[in-house]
Structure formats: structure tokens, C-alpha cells
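Here come two complexes built around chain A, the first alongside chain B, the second alongside chain C.
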Partner chain A sequence: MFEYVIAAFFIVLIIIFVMFMLGSYQMSQLELEKQKFSEQKAEQLLKRVVSSPLVAKEDGVLDDSKLIAALGLCDDMEQFFGKNWYAVIIILDSSGKTVRCQQGEYSTDCNYWVICADNLEARISKEKASGAGEEYAYTVPVNVARKMGWVTRRGTATRAEPALIEVWTYD
Partner chain B sequence: MTERGQANIVMMILVLFLVFGMFIFLLALLQKPPEHPMDNMYVHSMLLSIMRSDTGYPEENCKTVADAVACAFFEPYYKCGDNVPCYDLASSIMQELVNRYRSSKKNRLYYIEASPEGRVVSWMGKAVEISLPKSNEYIKNSLQKSTAEEKIQKLFKGEPITVKVKLYMAEIEAGK
Partner chain C sequence: MIISFQMWKIVLGLAISGFLLMFSVNYIGGYTAQQNDVLRTKIMNTFELACYNVYNTGNSMVFDDFSKLPFDVSLSVGAEHAIKVAGLGQRVLKVPVLFSIGDKMVFSRAEYDTGWWKFRYVVAMPETEIVLAPGNSPYASETVKGIVKALPDTTNFKNKVTYAVCNGNDIESACGKKPCEAQALLEELESGKALRGGKCTADLKKNQRLVTISMSCTEGTRGVCVEPYGPASGKARLYGTGTVFSYDDYADVAALIVGYEKKDAYGVAGESMYIHKNSEMAKELSLAAKIMARRYELLAGGLSGIAQRGQMDSDAEELGCVKLFQEMAASLDGLASEPLGSSEKAGETKKRMKEMGCDYD
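For the complex of A and B:
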């Protein structure tokens, strides 16, 4: 009789252990799926932004004047691309200096743009206050077409500069 | 069979189940997603970006890096801005641009090569090669590498010409 009691005790213990194992496995799978989904969302967003006529002249070539205009159009861009994201575009020039481009001020002296900068600032202040959640960033090389200030037979002369675009998404 | 014997058999079966379950569980935990799923997209975009970048010379033969690379093989005597041969311009500018992109992915090695396809006009006949920072064989043989290939197609004296450009990006392996 006593053997049955011990066996029953171990059976219950093992059942609890198996339930715990399956539960934690399910949790880890859910986390993985969530992470995969967020990564895919960031990747899709990046692909859509670099080919969008809102900022790009052609696929992978961003237009500097469209970028200036886009600095003040976050609400409109969120209608196209969804909420909770921001993008940083930086021209890789040989000097290594970074000068931020300002909304409404076209200049070829600046070399980096932050689209939806309000979202970035909100993230920074949230992180300082309570710690922000996870965010995903993807970076790809692109070109930024900069106006050279003179006109050719084909239109305004542009120069394609090497650049990087970094798109951040969060929940 | 005694009661003790029956209980032992039940226990053994349960322990076997438990060991099997743990094995499956640990196996499932080992299945991690690939570490650099975006490297492929990155390397393709990097090659396109390098080829599309302007060299600073306004002539048609030298305007973009792709123009300079094609010129290096098919008009090697041509000098951009009257003093820089296309081959020298193509090599130096590709090196400079790869170096600039290296700043965003420092833990990678890069190797870029360009070679003409079909009939070659060039007296040089050699490929334009850039390797950073190690030898190209090391990068080419690396297991953790992404590659991108593009073809530059142009008309040269009424005939179509093609130059194949390939970029390798390899992960720096631990301990090497």
C-alpha cells in the first residue's frame, strides 16, 4: 500500500513538472513569435520607406528636398506607414561631422535627418521616466540625391551621396 | 508480480517519459533564429549604393562609381578630370566608400571585386579588387558571409558591355 502512495506522490510531482515545462516552452515560443513579428514589421517598414515616393526619388535613392519636407509630415506619414516608428538618415561624408537638417530650412550643409523626431523624443523621455519597452532597428545603405545648385538640360543637377537609413519600431 | 515490482515499473516508465520530455524541451530551446537575417539585404543595398554614388567628376565616363568601373575596363586610357585614370579612380573610390560603410558594421570584413564579361578592350585585363581589412581568400572562404552581385551594363562604341561586380561581407570569426 505504502509503495502506491509514494508512486502517486511522484506521479503528481512529475505531472506538475511536465506542466511547468510545457508552459514555459509555450511562453518562449510566444516570445519568439512576438519578436519575429516585430522584426518583420521593422523590416517591411524599412523597405516601404526607402521606396516610398514621399521621400525617395527612386528605389533606394532618397531626395534631400523631400526629406526636408518629410520632417514636418510625421502625422501624414504615420497614415501610410503606421504608428510607433522613427527613422534616421545620415550621409556618410568624409569629414565625419554630423549636422542635423531642420524643418523648412533647405541646406546642403546639413547631413542628417530624423523623420518623426517627436516619436524619438517621446521614447527618450519615456525611457528616462520608466524605462521604455523593446524596440527594433534595421539599417541599410541608401543614396541621398543632393541638389548641386545648377541646372543641366536634364533638370537640376544632383549628386548621389552614400548614406545609411536606420528605421526604429516599437510597441 | 508484487506490489513493489508494479510500482517500480510504473516509476521507471514515468522517469523515461520525463527524460524524453526534457530532451525534446532542450532541443526546442536550441532552435534559435539566425543571428543576422538582415545581412543579405544590407550587402545588396551596400553594393547598389556604392555603384550609384557620384565620384565628383562630371564626365559621363566617370560620373558614378559604376561609370568609372566600366571605364576602367573598356576605356583604360581615359583620364577623369584630365589627370586620374579610370582604373585608379574606381579602385580608390570603392575603397573609400567601403571604408565609410565599415563605420556602421565594424565587426565585418569586406571584399569587393569587379571583372568584365565577354570581350575586354582593356589592356590591363585584371580585376579591380578591394579587400578590407584582411586578404580576400580569408573572406571568400569564411562560412559566415553574405554576398551580392550586380551587373553594370553600358553601351561602348555601339556595343553592349557588361561588368560583373561582387561584394562579400564576412563576419569576423571569434579568435581569428
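For the complex of A and C:
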């Protein structure tokens, strides 16, 4: 009789173990799926910024005059692109000197834009206060079209310059 | 004594087996439901990413994942526009998507050109036959063209959106061949062929959607009824809503057709899609107007600065752009606060700017 009780006990134990294993597997699958989805959404945001006519002349070619115009419009940009993101665009310059572009002033001398700069600061201060949350950053090479890149006696012409765009999303 | 002990062992064995069996069945049932939820979450993630991908790239695609499990998906147009999935909560839409769920779906990007800005949106709809009932409106042909352009062109895709014409009890292909898809129908219409159809009394199949074009739509007209005032404006009705929807672009009509008469907890899907489209468009146009107004002010200032510094001849043709940039900035300033207002002036200035080579498309 006793052997049956022991056998039943072990069967129940095995069933509980299998349940636990399946439950853990399912949870890890969900967690992985969530992470993968967040990554893919961040990647899509990058694609969206790079192809949006709000800042781009064409897919992968950003317009410097649009980039300057978009500075300081983060609340509106967040309504369109979603919350908690920012983008840094930097022209690849052999001199290594970076001059940040300022809102309200068209210039071809600057080579560095931060869209939603407030969010960059918010992310850094949050990271200092409570550690890094879920963050994703993607960087891709793009071109920046300088609307008045060439100036001649008869008019101006667009000049394309190679650049990098880094788009960050965070929790 | 031995017999009763044997009996007791059998009963105990049966009780334990029954308990284990019940427990296992119960657990497997719960586990299967959970697995289905995981699968449904994955499918919804794929759906959302597909919308973003089509919106960003403009590449159309087919989507058959909804055939794997039953889905109850609706659009809620509250403070935030969200896709609600029964049992799975909601997800906020970040791009304008006109959708109706079905087993075999096709996604494509369409756009509405306001003259100064192109509003892009994704249309995601199942295999459908659009049954046209063009009445005696002088704008019937133009209206059909506009509707066809605002819906997915499925030529060379396995999931199809096709067109038929209804006249009384008869429904036949709209372009004499099957399947009659957007490209083929547009070619027919461009060649000047008029669609012959009238009041539709035929029974419609589940995958058919009736679009009537009439001089006078009534609340009782089945499906979507379009009453054009001109080649791209008019009013429309959707059966079951009692609302009159005004339209200035065919994306509005497309929204009614895609959502159609499906009723859910948030109302009639066609009406939700119409609200979603207009709200997203207002949001985008307002932001675009703000950015572009600033941009044209910057360009006007930049060009004037170059001229003032003497870097450009005073008779250079490009200096004529300064005035256009300023005019455009003024028009867009007005549109930023009233984005769905008349954009005729901005469109006209943009056209002149392109002609003069001041700006790109």
C-alpha cells in the first residue's frame, strides 16, 4: 500500500515540475516577445524619422532647413512620433569640430542638431536618479541636404553632406 | 477482509487518477488559452509593425495571420486612438491606419495631396469586392476614380480588392474581366468608358461592400452612399449611423468603405475610421504647417542675408523666392491653428515655388 502512496506523490511532484517548467517557459517567451517588439518599434521610429517629409527631403536625405525649423517643437513632434524619444544628427566632418545648430537661425556653419533636446536631458537626469530603464538607440548613416549649401552670384544650390542619425527611445 | 482491502485500493486508485486527470485537463485548458493569448499578442505585434512598415516605406504587403485565430479588433477614438483587442487590452496607433480585420488582408499606403502637403495613411483591408452603384450624378466617374485611388491596388498580389457594378439584381465585373482590380478599372475610366449601374437591390455576399453614388442619398440606403457636389467634395452616408459625413478628399470616403457597417462596442467602424482619419490629418497638418512656416521664414531670412552681404547679384532670379517664402510662411501660420481649413492659397504658392525652382516637391 505504502508504495502506491509514494508513487502517487512522485507523479504529483513530476506534474508540478512540468507545470512550473511550462509556466516559466511561457513567461520567458512573453518577456522575449515584449523586448523584441520594443526593439522593432524603436527601429520603426528611426525609419519613420528618416523618411518623414517633416524633416527629410526624401527617404534617407534630411533637409537642414527642416531640421532647424523642427528644433524646439518637441511637444508637437511627440504627438506625431510618440513620446520619449530624441534624435541626434551629426555631419561627418574631418575636422572633428561640432557646432550645434540653433533654433530660428539658418546657417550652414553648424553641423549638429538635437531634435527633442529636452528629452535627452530628461533621459540623462532620470538615468542618474534611478538608473537606466529600457532604452534603445539606433544609428544609421544618412545625407543632410544643405538647402543653401553652395552660393554663387546667380543663386544658391543644394549640397549633400554625409551624416549620422542616432534615434533614442526610452521608458 | 482481503476483498474489502482490494476494493479500497481500487477506489483510492480511481480517486487519485481522477484527481490527476481533472487537474491535468484543467491545467492544459488554461495553458492552451494562455498560449493562444501569447500567439494573439504576437499576431497583433506583427500587425502593428506591418502598419508602421507600410507607412514608412510605401511598400504594399499581404497579411494572413488573422486566419490563425479568431480576433475581435475594433478602433476606439477617444482621447487617444487605440486598437482594442478583446481579451488583450489596447495599443495606441502611432500612424493613421484605416483597417478592417479579415483572414486574407492587404496593406497599402495611400496619400492625399493638399497642394502643400501630402497626408499619408495606411489602408489595411481583407479581400473585398467593392460593388459600385453609380447613379446619374455628373461626377460619378470622377468619384469612382477618386475612391479607387484611395483604396489598395492589389494588382500582382494574391489577396485581392476587386470592383463590380450593380444594376438592380445583377452584379457584374466593373471592367469586363475578372478580377477587376484598381489598375484595370482606372484604365477603363481613363479611356472614357462610363460605368453603367443603378439602384442596387441584389443580395450582397459577406465580402462585398456596396458603394452607391447618387444625387440624393437617404438614411435607408445600404452600405456607403456618396453624394458628390464636385469632383472631390460632397457628403456621404453610412448605413446604420444616421450621420451625414462631409468629405473634401477621397480618404474620407475610403475610411467609411474600409470600416463599413461593422458594429462594435465603440459604434460603427466606418464612423470611427472617418473620425480617426480626420483627427490624425489635423494633427499632422498642424505640425507640418508649424515646421514649414518656420522653415520658409528661415529660408527667406537666409536668402535675404546672402543678398545683403553682396554674395549674390541683386538681379539674381532666385531673389524672387524670398517673397514667395514669406507668402508661404504667412499662409502656413494660419493653417497651423486651423489645419483642416482651406489650403488653396498655400497650395497655389507651393506650385509657384516649384515652377520657379525655389523648392522641391
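One rule holds in what follows: the second predicted complex is superposed on the first by the 159 of 171 C-alpha atoms of A that agree within 3 Å, B and C clash if a C-alpha of one lies under 4 Å from a C-alpha of the other, contacts with A are read in each partner's own complex, and residues count from 1 in each chain.
The working rule: contacts are C-beta pairs under 8 Å (C-beta built on N, C-alpha and C of every residue); 3 or more make two chains touch, one makes a residue touch a chain.
These numbers were taken from a predicted model, which means no experiment stands behind them.
**Student:** Following the overlay on chain A, give me a clash-or-fit verdict for chain B and chain C.
**Tutor:** Here chain B and chain C can both sit on chain A without a clash.
**Student:** Just checking: does A:L73 make contact with chain B only, chain C only, both, or neither of them? Give me first, second, both or neither.
**Tutor:** After superposing on A, A:L73 lies in contact with chain C but is clear of chain B.
**Student:** Could you tell me if A:Q44 is touching chain B, chain C, both of them or neither one (first, second, both, neither)?
**Tutor:** Touch status of A:Q44: second partner only.
**Student:** Kindly classify A:I11 by the partners it touches after superposition: chain B alone (first), chain C alone (second), both, or neither?
**Tutor:** Both partners, chain B and chain C.
**Student:** Return the chain, chain B or chain C, that is in touch with more residues of chain A.
**Tutor:** Touching more of chain A: C.
**Student:** Can A:F20 be said to touch chain B (first), chain C (second), both, or neither?
**Tutor:** In the superposed model, A:F20 contacts neither chain B nor chain C.
**Student:** Give one of first, second, both or neither to describe whether A:K57 is in contact with chain B, with chain C, with both, or with none.
**Tutor:** The answer is second: A:K57 touches chain C but not chain B.
**Student:** After overlaying the two complexes, what is the shortest C-alpha distance between chain B and chain C, in Å?
**Tutor:** Minimum C-alpha separation, chain B to chain C: 11 Å.
**Student:** Which residues would you name on chain A as touching chain B in one complex and chain C in the other?
**Tutor:** 1, 4, 11, 29
**Student:** Touching residues of chain A toward chain B in the complex: what are they?
**Tutor:** Against chain B, chain A makes touches at 1, 3-4, 6-7, 10-11, 14, 17-18, 21, 25, 28-29, 32, 35-36, 39, 43, 60-61, 92, 94, 138-143, 159-164.
**Student:** What part of chain C is in contact with chain A in the complex they form?
**Tutor:** The touching residues are 9, 12-13, 16, 20, 23-24, 27, 31, 34-35, 38, 41-42, 45, 48-49, 52-53, 55-57, 94-95, 117-118, 283-284, 286-288, 290-292, 294-295, 298-299, 301-303, 306, 311-313, 316-318, 360.
**Student:** Which of the residues in chain A come into contact with chain C in the complex?
**Tutor:** So the residues of chain A in touch with chain C come to 1, 4, 8, 11-12, 15, 19, 22, 26, 29-30, 33, 37, 40-41, 44, 47-48, 51, 53-55, 57, 63, 65-66, 68-70, 73, 76-77, 79-82, 104-106, 147-148, 151-156.
**Student:** List the residues on chain B that touch chain A in their complex, please.
**Tutor:** Result: residues 3-4, 7, 10-11, 14, 17-18, 21-22, 25, 28-29, 33, 37-38, 41-42, 45-46, 48-50, 52-54, 56, 64, 96-97, 100-101, 103-104 of chain B touch chain A.
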